[in-house]
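A, B, C, D, E and F label the chains in the order they appear, each numbered from 1.
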């Protein structure tokens, strides 16, 4: 199954970006285009999730997944305490890979993603604050920043649009948001590959302990997520997806919110671990691992 | 001949997400105008970086403000404690401006 | 019918952008991407209009619509005198909404849009100049800037390309310019929603009189446009479209030309009214109002 | 040791659509080189703004020019009357340049 | 056939850009978007070439084309000595035009393009260095820059991805990379038209001798390429394509590599000739000329 | 009162592909920090240009570095021979910085 993953164009483009940056190529994706792609991807997953929920309605399974996601999202930061939670792009890639293996997670899992994003940021911030007692900024609440964070807005917003529009309303915009989706994901992962390798090369403070943390903690969290997903009765693919969500970083949403809420924290090392280690690991191995694990315990 | 007056040219290099904080500091000392310029890449003690980070968390910008000497002193007092912890860089130069009443 | 409008994804994305900016979210569409989308949208409507005219030929109806558009475009600035004429994006959105309601305007209406853009800018400039007698710039003619304005160029240029290429030439590029169109429009209106709300929040000089002007004048102009469209024998949808064109601002073309031609005029208040009030009003209410009015008198 | 000479560093903040006008003024006083830098956002008496305006009418840029003192004086005379009406901001600083003959 | 070329939307958008810039219109394509389009186009041609080679396998014909391309790529700079070799965008446009005339070159020609890009840069650099004996930079090798050049990376990388993924892996990303291709090419050529005309207007050092060089040398090289292609047994369309490749500039890859390797050379005059003269000539006349020539000798 | 020290503000306008060379020169004279700002367009003896060139070969940027006077002199010596052949523009101004030990 890792072989399957490794021959998917989506992953191969990530590898291409990684190799190009490792070879110190001058290849780079313009910042504005990378941001546009991330907005497009978020809007597309939000819309598709919303349309699927508008089709299925809010069933017991949807509610169970949502509750499991919320619980995980609040608890995992406390369990892992050292690393902030992470979601987002990995989810999208996971969905593509799993679907390519005939293991498409239920459409409502995107709603779970949106649900998990927010409390994860909040828990992360609360934990980070505990070690930061004497700052003047302590009093300023980050809630507003978290809830109006660009990724949360676009994900939740387009999820609601998807519910309101339904399949019929979605039809005319489907060519852009559905058909074009995987191609854009390729180019986005090309950029993520470039960023991951450059982060690793430029990072000076990275050491073996941090690298293993950046792998072990997601593995742990992913296992917990997969188990809980299975316990609340999700199908194999959805449980694996919950595992992947629990193992991933919101590479998009969390760091900017953290930078604002905790100006004293250097984003460099966190970003290096998150984008340089955890993300490649999750993309290349994590997705296969949790899928296998979910199948085994499912 | 057109008369010019001396003013300070303040340049603050700061992580983009923190710009609102810097602007708040400027307003607190009654500097009412500023301009923000994007920085593409750079390097320092913490290594090199580019603006390619999709999260935007490590993007940097320069906040440029023209102000009178008095207001500039006020700003230095207010902002100096944050320079290190926020990872900011503050430089102050001399410039001549035409019709400087507004600064 | 306003309900129909309000559940269309295109409008919902506008609302999402508006809400996000009103909540002071950091969501923003990179400037380069927004400009790219506006170029794409202009090229797409130009091409599609050209292809339709190449299919239908220049019939009496086309000629009537073109003449009505030109006349309106020259006269309305004089009638409304206080506000510059406005078209462009609203037209595109109107076309989507009306088509979604089985009321597709004739394809040649895009030619009318292109025809109206230019004289509207010119009339606006001439009116604005009357109150600006003593400037050194007065002598410099704005004609060149107006006729080579980016929006006019791309709209007229791709309209001609559409006529030359015809349906056959258009076929290979149809997937990008036709199928992807509505999706891009969603993302563009997301940006317009963000801009509209930010304009309103940041504007200091806006007052109730200006806001009502920014609504009443477009309503008046739209009514005149719909009546003239009906009088010259356009079908209901095309007459409504002419009304919408008459009610709208060229949110893209006019302001930059004005800034160049009249350096002393502060674009702030004009842009706040145009992007912050008239555009949202036209998108959400105007389209339905003129469609209903055209049906009533049609 | 390499010899440096004193020149003026002129910074003109202006609405992007007006850049050709500013460049024309520079050429009129025989300043033959300039560079244009994009400004992302800012704030002043007329409120805050970003470059998000698709019309481009309110986008701002900085025109940067290095010139001799004489040419700079000429520019100030020429451009001062426009500063207010065009909403421009003009600052002049001192810099050293290597091989300054060309400015 | 030149008529056919001139009514293709791809070429018409180039003409529109050229005319707009010649009229000093303010129309411009944001830099970030233009770069994104060039990355997309390179990825798309690499992918499609790779998929075709994965379908056909490496036949004798593919090998012959590859060898002919490599030989040409090393030799032509020496023959033409005055002008650097040029490929890339012209190839893509040529492929569209020829295919539109029922003359689609074999898919593996894209591999030939990628193969030719690298030695062409190297030969060009070696020649340029001969006239530059006394520089401190002479010793620093440009090989690394050339081989990791962004265009080479993306072209070779996505070519390999195409081979690995094959038709099945390519299917899900085909809507973006295949169906949308020609539309994006239109917008890209719009930008190239703007750039070409602006280059010509702004260029001060251009004279008739340089302009004729910028036309005669590509014509010569293209003839040699077409002849060699025919001699090694390529079909008419592939031989014409080899001719076009031999006649074209890597408008994307070469100039940036040259700027780095030879800091003393002013890129201005080279870019003016390449983007302002050779590219428009090749696009509008060259493609038809080499197609006719290949048919005549084929 | 917060103490400030005098430093040099070095601005090097250079073709974007050559930035790594400039950074290497900065490092060679032990200037360890720099920031890179994109230049949109400009004009000089060789005519006007915009950043619209898809090849990136003619795009220009400003490398900004704050450094001590001693290091700046070293840089001028090292970089002056390249200025003309590389088509670079170097200006040096005076600025005050807070906590200047790091430069």
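In this section, a residue touches a chain if its C-beta (ideal position, glycine included) is under 8 Å from a C-beta of that chain, and two chains touch if they have at least 3 such contacts.
Predicted model, so just to flag it, every value in this text is computed and none were measured.
Chains making contact with chain A as well as with chain C: E. Traced through touching neighbours, the fewest hops from chain B to chain E number 2.
Chain pair with the larger contact count among A-B and A-E is A-E, by C-beta pairs in contact. In this assembly, the chain whose C-alpha centre lies farthest from chain D is A.
The mean-CA centres of chain C and chain F are about 45 angstrom from one another, to the nearest whole unit. The mean-CA centres of chain D and chain E are about 39 angstrom from one another, to the nearest whole unit.
Rounded to a whole number, the gap between the C-alpha centres of chain D and chain F is 19 angstrom. Across the assembly, chain E contributes 26, 28-33, 35, 175, 180, 256 as residues in contact with two or more other chains. Contact with two or more other chains is made by residues 17, 37-38, 93-94 of chain F.
Here the touching chains pair up as A-B, A-C, A-E, B-D, B-F, C-D, C-E, D-F, E-F. Against chain A, the residues of chain C that register as touching in their complex are 7-10, 12-13, 16, 19-20, 23-33, 96, 100, 175, 179-180, 182-184, 186-187, 190. Taken together, the chain B residues at the contact with chain A in this complex read 15, 17-18, 21, 46-59, 82, 85-87.
Residues of chain E that touch chain F in their complex: 28-29, 31, 34-35, 38, 135, 191-192, 194-195, 198, 202-204, 251-256, 258-260, 263-264, 266-268, 271, 275.
Interface residues of chain B, counted against chain F in their complex, comprise 11, 13, 37-45, 60, 62, 73, 76-77, 80, 83-84, 89-94.
Contact residues of chain D toward chain F in the complex are 1-2, 4, 7, 9, 19, 23, 32-38, 61, 66, 93-99, 102.
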